[in-house]
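Chain lettering (A, B, C and D) follows the sequence in which the chains are written, and residue indices restart at 1 in each chain.
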Amino acid sequence: MNVNEILAKLHAKLPAENTGVVASYIPELAHVGSEKFGVHAVTVDQREYSFGDAQEGFSIQSIAKVLSLTMAYQRENQELWKRVDVEPSGTPFNSLIQLESDGGIPRNPMNNSGALVVCDVLLNYLADPKKDLLAFVHSLSGDQSIGFNEKVAASERETSSRNRALIEFMRSFGNIHNDTERLLDFYCSLCSIEMSCQQLAQTFLFLANEGQSPFTGEQIVSKKMTKRLNAIMQLCGLYDEAGEFAFRVGLPGKSGVGGGIVALRPRDYCVAVWSPPLNPKGNSNFGMTFLEGFTSEVGDSIF
Amino acid sequence: MNVNEILAKLHAKLPAENTGVVASYIPELAHVGSEKFGVHAVTVDQREYSFGDAQEGFSIQSIAKVLSLTMAYQRENQELWKRVDVEPSGTPFNSLIQLESDGGIPRNPMNNSGALVVCDVLLNYLADPKKDLLAFVHSLSGDQSIGFNEKVAASERETSSRNRALIEFMRSFGNIHNDTERLLDFYCSLCSIEMSCQQLAQTFLFLANEGQSPFTGEQIVSKKMTKRLNAIMQLCGLYDEAGEFAFRVGLPGKSGVGGGIVALRPRDYCVAVWSPPLNPKGNSNFGMTFLEGFTSEVGDSIF
Amino acid sequence: MNVNEILAKLHAKLPAENTGVVASYIPELAHVGSEKFGVHAVTVDQREYSFGDAQEGFSIQSIAKVLSLTMAYQRENQELWKRVDVEPSGTPFNSLIQLESDGGIPRNPMNNSGALVVCDVLLNYLADPKKDLLAFVHSLSGDQSIGFNEKVAASERETSSRNRALIEFMRSFGNIHNDTERLLDFYCSLCSIEMSCQQLAQTFLFLANEGQSPFTGEQIVSKKMTKRLNAIMQLCGLYDEAGEFAFRVGLPGKSGVGGGIVALRPRDYCVAVWSPPLNPKGNSNFGMTFLEGFTSEVGDSIF
Amino acid sequence: MNVNEILAKLHAKLPAENTGVVASYIPELAHVGSEKFGVHAVTVDQREYSFGDAQEGFSIQSIAKVLSLTMAYQRENQELWKRVDVEPSGTPFNSLIQLESDGGIPRNPMNNSGALVVCDVLLNYLADPKKDLLAFVHSLSGDQSIGFNEKVAASERETSSRNRALIEFMRSFGNIHNDTERLLDFYCSLCSIEMSCQQLAQTFLFLANEGQSPFTGEQIVSKKMTKRLNAIMQLCGLYDEAGEFAFRVGLPGKSGVGGGIVALRPRDYCVAVWSPPLNPKGNSNFGMTFLEGFTSEVGDSIF
């Protein structure tokens, strides 16, 4: 059985009923069909495998936090960790509780507070932040068609009270330097990036290839930085379900409330799966199950 | 340069002064020389490398929690996770705070509360718990000389108010079933196990070998269970410094307040390092630094 | 309408259905009839008013914490406040969370942890703690028949995991000095004291009389200490419903899970009410409503 | 010795050195002389007593929260308590922690979050909020000269990140309805009200007079509402030092970071004291000590 057949087989094994619920806090996300399912895998030597709605674009949401983190890490190197820690949090992604006891330093760059700090850092470096961000994504994926979904970004800006609270709270500790609305506009655009599973797997492939783009040969980040980015994804990429994901899937990965999850096996492959209904922790319900089967049948976990 | 030479070189590179502090909450631990340093690595094909005090026994303390967890997991399989979760905690190892909000279910089996639940499980299965535990350790290490340090165990029992509090607190939620003093006696004996770096690396080697003892060929736990044990170590093995360890060292590992750290690269090797002075998070200060260098120079991280 | 008539009228106004629930965590408490209702008021010039089951004994439970506090305050004076604070807690009566951040110092002597510290203090002073406690209660009430309910005390000791946890946790901070079981035995006896509403109102009358027993003329505690004991009851006497009680009733008071509440108006009167079904915060449901009406119709609040 | 002499005597007894620190988080507050000291008492039958800088205006800051609360309570009556609770918090005045567990409902209207909700309520009722607020203050005090300090208000708006965070956080729970900047402008103006001790004592005198202005005879709030406002001050008026204040002073009161404290004895008198250096809990250091002496020598506490 080849990999494409395995993808189909694993999909056929998913439960008839999906107990997950499509995210509705952003109205635009609630409109997406709950039956959508796509998966795409690509190896570091550029073999590609696909199933289902793998070419259909969706909102990658928090998955994009890894891309902004990569850009900030390129620019700040170790300095970055003075403003955001690298520890798992044990609390939900938008919690303010730990920020209060931690003096305004987010636990990690994968929860909302940490990603906002990372965006705040980037605003200091980028001449045209949204354009520069897209250019970076285009260079990673080799695909110039990837863009923001303006409706989703606008929808998110309008329901961003919690994120505004995080920004102002961190500002009160001196850990935010740019204007709130400018920062929020950049952050919401970041989260509104649309990709297909194929584009997503291709974009993240450099992290499975020791920091080098397999397509262009460009070294995006050093081998050492790549290891660290993967470590952060492993420990903090699935909110307060990081342990469960490591336990069941065993790969560094990142999820988004749009129903996408990307995961990668270092020096081997990157895989992206998409199924909108979320489990109670906010991660794609079928995505988790599918990737668990995938690492059992195709690619091993890293452990 | 061979591996033994690299070990010596990495040791030579450690700072002249160790800013860590030897654990003193158990009087017996405070007597150990702060200048002690040993490291031992063993590969799945049984090549061995050593440096310094690698044959001198020390108190492995919390490292032993992985061994009791392995025994309980063998007996309970998935049932075990009804009584203890597998998520990183974001709080210190002996915190009671999360237990209150989590209804008496410890976040993971690597902090004190989780390890106490695991010991409580074992008391239901083992005819002679302390003897059976040692027998298991002997079978893993192939070394019958490993034993408890009775002085350390007694010393720990006498300063166990916090652990008694954890036990009674979890009992109030129905998550402890055995007598407090019997449970505490077993737990303190577990933590008092003494091993050298060599014995420690050999004992944990099955976790680098997909669950099979490289010495006897015995399958201790299944390949799938091994992956999960390694995932738990990766995410929860270094208390609230798990992220930092993943970030700097990149291997599943477990530390103890005796100054030991064991880490392993799946399908490759297991390495144990010992240096008593601890950093503020309670992990061996030089141990962390040494392993960071080790994964850079010798064995890659898993990311 | 005289006061006895007002008591009857206020009782008649209580809702037909009591939505409260009788405490069941101690089996012995669950056996008490939920329809029981008694109230007794006594003025500092010794006029007495009664309604319903005012002469029937019940378990005063946490109300007794004020009596042990008075005894400890007599003996330690200001020294006592080094081991227990006088601030409202904002958390449930048996919470461990604040103890962790507050270094083992209970927020106030009215929650379980604080009352346990107070009992620990008394064990250092009293030759025969349980006998001496009863003697104190007899002298306050002028009634030698008041005693412990041994069944309730035994029942409470058997379900005391949470209190054992509090004791061991505070011991780990150095704030408990006596043997756990001895302390728990004393504490559970204290909580098992049985009184009728009449006995309860008479026992607490000295706190409405500037510290002096109106019956014997004895100065139990100084006028200044009396003010402070009343302030503690006002701010901390009804667990995390102290604000609601001050708001609705407006008097210093103390409640117990047996369904009793005692309250007093300084320089005026003391009133005790008993109705076993508790509201979700653990205070007598009808007791709260009755006292609200009582302060409106008979005796003013202090505000 | 008459009351004026007692005021002088109590002032003479204050320690030579004030260990408190003048608030500096708002630059404008830091400019006030730390040696300033004033006190003014007024009885319900309009006898007045003064000492020191009792006629000098200062920033009443959080004390003004009682005035906005009174206005909102007049308009919303019991409806108000659906949006803000009346329980002491056990945490600092600007904490976000409890808001998260309490679903965006502030613990009480005396901490920042609660006062912001109260201001949000008032914005729905007042045609010209700042003007209407001043008119209310003028009617209470009988003094048309009381106004905002625009520099202090502007200074506070510029350092309001924490308050912005509270607003946005509560908005995310649906408990804020007006524009953030408009709300903050109103709130900062409220806190910037300047009064002398004399004006302050006169303004709050209605709360000592069962809700009726002794000057005009107008019933500001009902007797029942007055009792409740006093209960709220008693339990929540001095942040997480409410217990200490009840314990030492024994009166309902409210403090501000400008160094003012106002307290009142129901049916008797109102007293305002001002001394800028604050203790570690944020309350006037000498103010606390002075009022403790005052209730001992002149006016009794309510307990």
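Going forward, contacts are C-beta pairs under 8 Å (C-beta built on N, C-alpha and C of every residue); 3 or more make two chains touch, one makes a residue touch a chain.
Here the structure is a predicted model, which is why all the values come from computation and not from measurement.
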Subject >> Any chain in contact with chain B as well as chain C >> reply: none
Original post:
Residue numbers at the chain A-chain D interface: does the shared fraction exceed half, giving same, or fall under half, giving different?
Top reply: same
Subject >> Gap in Å, rounded to a whole number, between the CA centres of chain D and chain C >> reply: 32
Subject >> For chain B paired with chain D, centre-to-centre distance based on mean C-alpha positions, whole Å >> reply: 55
Original post:
Hey, how far is the Cα centre of chain A from the one of chain D, in Å?
Top reply: 47
Original post:
Which chain B residues touch at least two other chains?
Top reply: none
**OP:** Would you mind giving me the full set of chain pairs in touch?
**Re:** A-B, A-D, B-C, C-D
Original post:
Which of the residues in chain D end up touching chain C in this complex?
Top reply: 85-91, 98, 107-108, 224, 226-228, 230-232, 234-236, 240-244, 246-247, 250, 252, 266, 296, 301-303
Original post:
In their shared complex, at which residues does chain B touch chain C?
Top reply: 95-97, 100, 161-162, 164-169, 171-172, 180
